[in-house]
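Shared between the two complexes below is subunit A, which pairs with subunit B and subunit C, respectively.
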Partner chain A sequence: MDNKRDITVLQFTMILISTSVSIAILGMPRMVIDYAKTASPTASLFGALLILFGILLITYLGKIFPKQTIVGYSELLLGRFGKFLVFLLAIYAIIITGLESRHFGEIIKSALLTDTPIHVSILLLGLLFVTASFHAPTTFAYIHYFYIPLTVAPIMFILLMSLTDVDWVNIMPILGNEASYYNIAQGGLVVTQVMQNFIIISVIIPFMRKPLDAMKAGVWGWLISALVLIMTVSFVLAVFGVNEVRDMTWPTLVLGRLIRFPAEIFQRIDAFLLIAWIVAAFTTVFATYYFAVRVLRELFKWKSQVKVSIFIYPVVFLIALWPNDILHLYDLLGTYIANNALFLTLGVPVLLFIVAKVKGYKVKGGTPS
Partner chain B sequence: MRLLVSILALLSFSLVLTGCWDRSEIEERAIILGIGIDYLTKEEEESFTESEVTHPEQGFPIDTQRIKLTVQIAVPGRIPLGPSGGSGGTSEEKVWIVEVIGHTVDDAIQNLQQQIAQELYLGHLQLVIISEEVAKSGLADINDFFKRNHEARRTAWMLVHHGRAEEAVHAAPPLEEVPSLYLAETMNNTVEFGKFPKEYMGFFWISSSRSGKEGILPHIKVMSDGNIQINGMAYFIDNRMVGKTTPLQIGTYMSMVAENPGGYTIATELPNDDGVFMYRSQTRKSDIQVEIKDGKPYVHFDVTSKGFIEEENKVEQGIQDDPEYLRSLEEEIAKVAEKSATNLLDQLQEDGSDIFGIGEFVRGKHSKFWDEHIRTKENWQEMFPDIEIEVNYNIEIERTGIRLS
Partner chain C sequence: MFFRRSKKNKIHTAPPSKTLEDKKKKETQKNIDPTVQEINQVLKNDLDFVQRDLKFIGKHQAVIMYLSTLVNKDTINKDIIKPLMNFEPNKEDVIKDSPNILLNQVIYNAEGQTVTQIDQIIDGILRGKAVLLIDGMKEALLFAVEEVDKRSVDQPDGEQVIRGPRDGFIEHLQTNISLLRSRLPTPDLRLENMEIGEMTKSKVVVGYIDGTTNQELVDEVKRRLQQIDTDKILDTGYIEQYIQDNPRSPFPQIVFTERPDRAVGNLVEGRVVIMMDGSPLALVCPATLNQFYHTPEDYNERALMSSFVRIIRFLALNFSLYFPSLYVAILAFHPELIPAQFAVAVTSGRSGVPFPVFLEVLLMEIAMEVLREATVRMPQQVGGAISIVGVLVIGQAAVEAGFVSPITVVIIALSTIGSFATPAYNAAVAFRLLRFPLIILAGSLGLLGLAVGAMFIINHMLSLRSFGVPYLSPVAPTDWQGFKDSIFRSPLKWLKKRPEELHTHNTKRLSEKNNIKKKNVLGPKENRGNEDG
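== the complex of A and B ==
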């Protein structure tokens, strides 16, 4: 397996975007609006800012250790405990891959292929990301780079098409009716949870052509993905209003069904949204799974990435079968896993950054050859 | 090992075929185009026998008023594509109209499926026609079925019919192949011509879910030749229809919420003249100001309407290239429009239905007042009849057609 260092800044930005624009885009507006009501755009911005903080720390660490992944430098900084933390991150990535696979299956089953057994959809998605995870980081970057136009563009297009149907009173007042700051923070955390998979870039940075540019690329990636997510929340809210959104399982999907293309060139444009979403779903689970594979392989010094990728898939599949029903799934995803994982995905970078500072590591500058 | 791998590889090819689980042939589908929803008439109620499709013989778990669905189904293979040849056949033969009774929408649909060979498909649903009787007793339960179903489109039209909904489903305009498609086309065109705001099913649900707004639906009437006339606007409180407006008031409503283009023509006479001018509005702007005075919202609509003169009739003096004349005409039109708006507002306040979404303005722009005094939709519905609303029209006649005098 060749581990060339030739991921460009642009590719790196794309990886970050396609990881953040995920399966959750269909249901996320509901979860944010449930908590933050009309303050949701503000809340989303707050939630996204937390992620920016995480991205800055991770890319800064990447600049200090331009030749090492998070596995390498966490061991260097914290020894065994560092290894343990990274192991936990890998476990998180496996669980989230499993649950998001199920999430994907549920939407396919309810809205698209009602007769196809859900196991088959999950398994096929699994087959894709398992085989895609056989390869080197450069290939990983290429795949994300290739799919970006197929995800972000249709989603943005549909959002902009809905402009004729928005009623801006729906997003006023921007601090919510009777919404406490606590509620706004809770709503914001939903966005943070959706974007927390940014952590996967910590295994990609050392394979960049210029790891020192990671921070710039990270900020750009954050800017675009945050824009897409905040726009999704705002437009869904502006079209539907608080009460209607809370009534729908996947408001963004319904938005795609509600709006009409001028001149009726296409009768339904939700098909575009669904295609974009399937690709977005794939890129997200692929990213988290790839992270788990790379970390576990490096952590336990296993040689064959192919075997790692094949052998941890059954665990992912079992986790996908874990939730009893869709409500249980959302409960697990939101309340238990994604919420608590924030301590890891944001906590680990903070801890590592502090330790690195205390131990006096500095950015050396120049490109490593 | 090699054998095992190749067997696995061969088996994995079958994964490519999983798409076949959801294949569905067009001939195997019964495409529902329109649904009419009525309560049973007395005779039907008496002659009715329970069919136990969705419930055991003890009867339906709750006591509900039974509904009758009149369903228009396209018969696959019988809708001719393109211009129809001489073979003809009236529209009644091209589509299939079935009546079925049930306790709820889904119960009725299941009863229907029980007697139809093809799978019922709602993906092309265009119309849901509801009798006034059903609309007045509330749509919440009916909406649930269409909201939950993943096939039904939110761009379908929900219409309120004055009499029995089945009449409207049976109505067959002579030139049309498929009545439901024709009716849906009519409704879509009315939006384009400015005859009705864009309130299809999805938007009706949105409007009626909002805290400070109520929904509206088109109110239709079947004419003797099988055409359908938009006879006004049915307005709601929550999901319950409480009244209807006249057709011209649709235009008034649309101008007040600045829904463009304007499609209504208003007849005005000048005080010192016996004739009448027909003014057609085209584009409108509406500035809605909400102020809180003495613990009550005070609302001011400032509507600017631009349009042209479509006709003059029995007018003595005429316009005569005189801009001043137009200005005085504008004032008169504004008076008529203001009168119409005041009437509409009086009627709505009496019935307590805030279809303008004034409550939303209060919630959004005076959130402090809302949080302190209103908070819920119920409270707003209580307050709406008592608030003061003023309407001011500003008419601008920009053209007089291709005749100047």
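== the complex of A and C ==
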């Protein structure tokens, strides 16, 4: 009966979606289109497939070790080195949290509060995710579950409303005019950067009601989030065309600004859409931060989650202040992290999977007792 | 000089409650004099203490003692003293087995028991019992003759309904239990008794339905109650504060009700009800946010109407929380959001107002809270006057003086009235309280502040648990069965199962066969048949 109170398959799916659909969706289409031109939808698909591979590996590992988080089984499989790898993952999560906080701050500064110092919005977001990280994994799941309509629905709404402005010529040819494989791969990597937060499910699986269903839920979550991302890239491309998009910082934001509401209740609706972006930013940053907090806490056997989540935050804040400006930020996010972090987020699961197979661990049928 | 005095005070002898500890070991003896002396030592000086000396069968000395304010003297005279005096034993040695003979054959009109410890006797007297001591008999007899003044069963003022029963709980526990029992004549209803409070010794009853309510929940409630260690419990509100999960949260985590029908409904759904002697309010736990905008009336009226009213209440709750801050955020930071004509109207209405909109709304909200509190505290005859004066005169005058803009008054009125539409008083106050930080956030950071504040509140609600039940269930985590009875109230026919979050032992509410066949008995002959309605 106690099982009933744990995280359900549906909640797990929602966690995956809401971590992938983040504020990065605002700028991501531009970066993808910059690299892959009209082949962007294909490139996004390529990137998403890479992530699917990672999700399958992580959920498979979760099935082998249904009672342990990634900290537990990486130590079991690789000993000290495994612990070190997980520590690196936590560092990665902290860096991503910091940079995404900055990303959030930049968007707020340019779209909502032009005169307010960027530190204020970063700190406010920090206050939200630090306090939310005090709680147990079930609360983590509830929060993601609760906010999912607030993040996915507005995006779908924007895409639907922009259907009238779509010019499908812009999207042809689907494989790109003179796009090389390198360009497509580079575009795909940008998408992987957005979706890389899937790694956080490795600390959630042991708290599921049925950890053996994680893979099914993972595939569903991937399917929906990949669909949202690919559709966003395609629609942005179809509405604006390659050349126009390259001049915009946040094409998706512009897409939202195009919407005119038939009834004259609100003059402009994009500021309300910004609330949706705020929620989206929160859920993503919360996910990566929570991952870092849980992993570090388990790694160093600290007792108080509250203290851990408070004391890590200054590091996040410093990282958020690290980029000089928004160009530097996108350089870091779109190039350095997109190109290199995959070695970590995909490499660690591959390594663990191979070691687990070599050592002969198998999935045991039925729910764990 | 002051020092000397305080020293003197310290020499004061220990209070009777402490010396009672020693009396625990003392037992009554055949000779009643020492016992009478012990009791007199404690109670002699009290105004209402009565000691009557009698002669039993003409030669045995007997003493009856009680507190005259707590007992019914008629009962003592008629049911105890009269049969005792009229009693004429056949044999002389009846006194040897007298306690039983007296209880069963002589004073059979009064409910009695035998005790032998002096502290028990004193405790009994203090609770409104009469004690009878007879020389030569070791045991003392305690008779239940207590009578406390109580008001009649009245209409509950706090939770009025249009359609539904009119009786409410009162301060007298026995009456309240009788209200419950008469509605629930099932052998499964358990009412467990305990005593809390070192001085008040309040009688607390934990009610639940055996076989339906989760046993772990019942044990947990009892465990929390037993751990309360305090000198006084004057109302169930004390209990609520001691046993709730998160005392720092603004949101109430336990429902209180003064309606027996609501208590019974919750018992049957699988919740635990806590009642107390001296309080007309029963506690119901665990609670979710949903329960605070539900009323018992919702189940009495048709589903469509109840759902409509519930949606209105839910909207009102949200109005009361977000409306003023949204207004501040839009006007102060994002005037481009509203259509140009409207924006012009608003700004022209605000011309001449000396404050920024944020300060204007904040001041008005505070004034509104003051008015509301004044209306509650004033005697009823004056209270009505205040509300009219407050709303009409002050509002009108403030607008005319250019102190506030008319639209602000409308917004404030909407949000205040919205909070009055919430049936649960404590939840309404929580939302009104949260309005202020939201206004401040919206006034300093616009929509970002408002969004962050709202998310902060929602995150907090999502992390709240009441006895392990998530506060926002059945929304997160989703329970489709419970969803049928949340913002909407589905037809009773659809509510086949008890709420899942309560983990009841008996989940079924009604059987699948519950399908009432309706016949048109008064219609034309050819249309009569087994048509379903």
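As a convention for this text, the second predicted complex is superposed on the first by the 354 of 369 C-alpha atoms of A that agree within 3 Å, B and C clash if a C-alpha of one lies under 4 Å from a C-alpha of the other, contacts with A are read in each partner's own complex, and residues count from 1 in each chain.
In this text, contacts are C-beta pairs under 8 Å (C-beta built on N, C-alpha and C of every residue); 3 or more make two chains touch, one makes a residue touch a chain.
Remember, predicted model here, so these are calculated numbers, not experimental data.
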Subunit B versus subunit C as contact partner of A:258, first or second or both or neither: first
First, second, both or neither for A:190, with subunit B first and subunit C second: neither
Touching partner for A:113 - first (subunit B), second (subunit C), both, neither: both
Touched partner set for A:203, first subunit B, second subunit C, both or neither: neither
Partner chain(s) touched by A:243 [first = subunit B, second = subunit C, both, neither]: first
Which of subunit B and subunit C A:77 touches, first, second, both or neither: neither
First (subunit B), second (subunit C), both or neither touched by A:278: second
Which superposed partner A:128 touches (first subunit B, second subunit C, both, neither): second
Touching partner for A:139 - first (subunit B), second (subunit C), both, neither: second
Overlap of subunit C and subunit B interfaces on subunit A (superposed complexes): 113, 116, 120-121, 124, 127, 268
Subunit A-facing residues of subunit B, complex: 12, 15, 18-19, 21-22, 147, 150, 153-155, 198, 202-203, 205-206, 209-211, 357, 360-361, 363-365, 367, 370-371, 375
Complex contact set, residues of subunit A against subunit B: 38, 110-111, 113-117, 120-121, 123-124, 127, 165, 167, 169-170, 172-173, 175, 177-178, 239-244, 247-248, 254, 257-258, 260, 268
Subunit C - residues contacting subunit A, complex: 333-334, 336-340, 343, 445-449, 451-452, 455-456, 458-459, 462-463, 468, 470, 472, 475-478, 500, 503
Touch list for subunit A against partner subunit C, complex: 1, 4-5, 8, 10-11, 108, 112-113, 116, 120-121, 124-125, 127-128, 131-132, 134-135, 138-139, 141-143, 145-146, 264-268, 271-272, 274-275, 278-279, 282
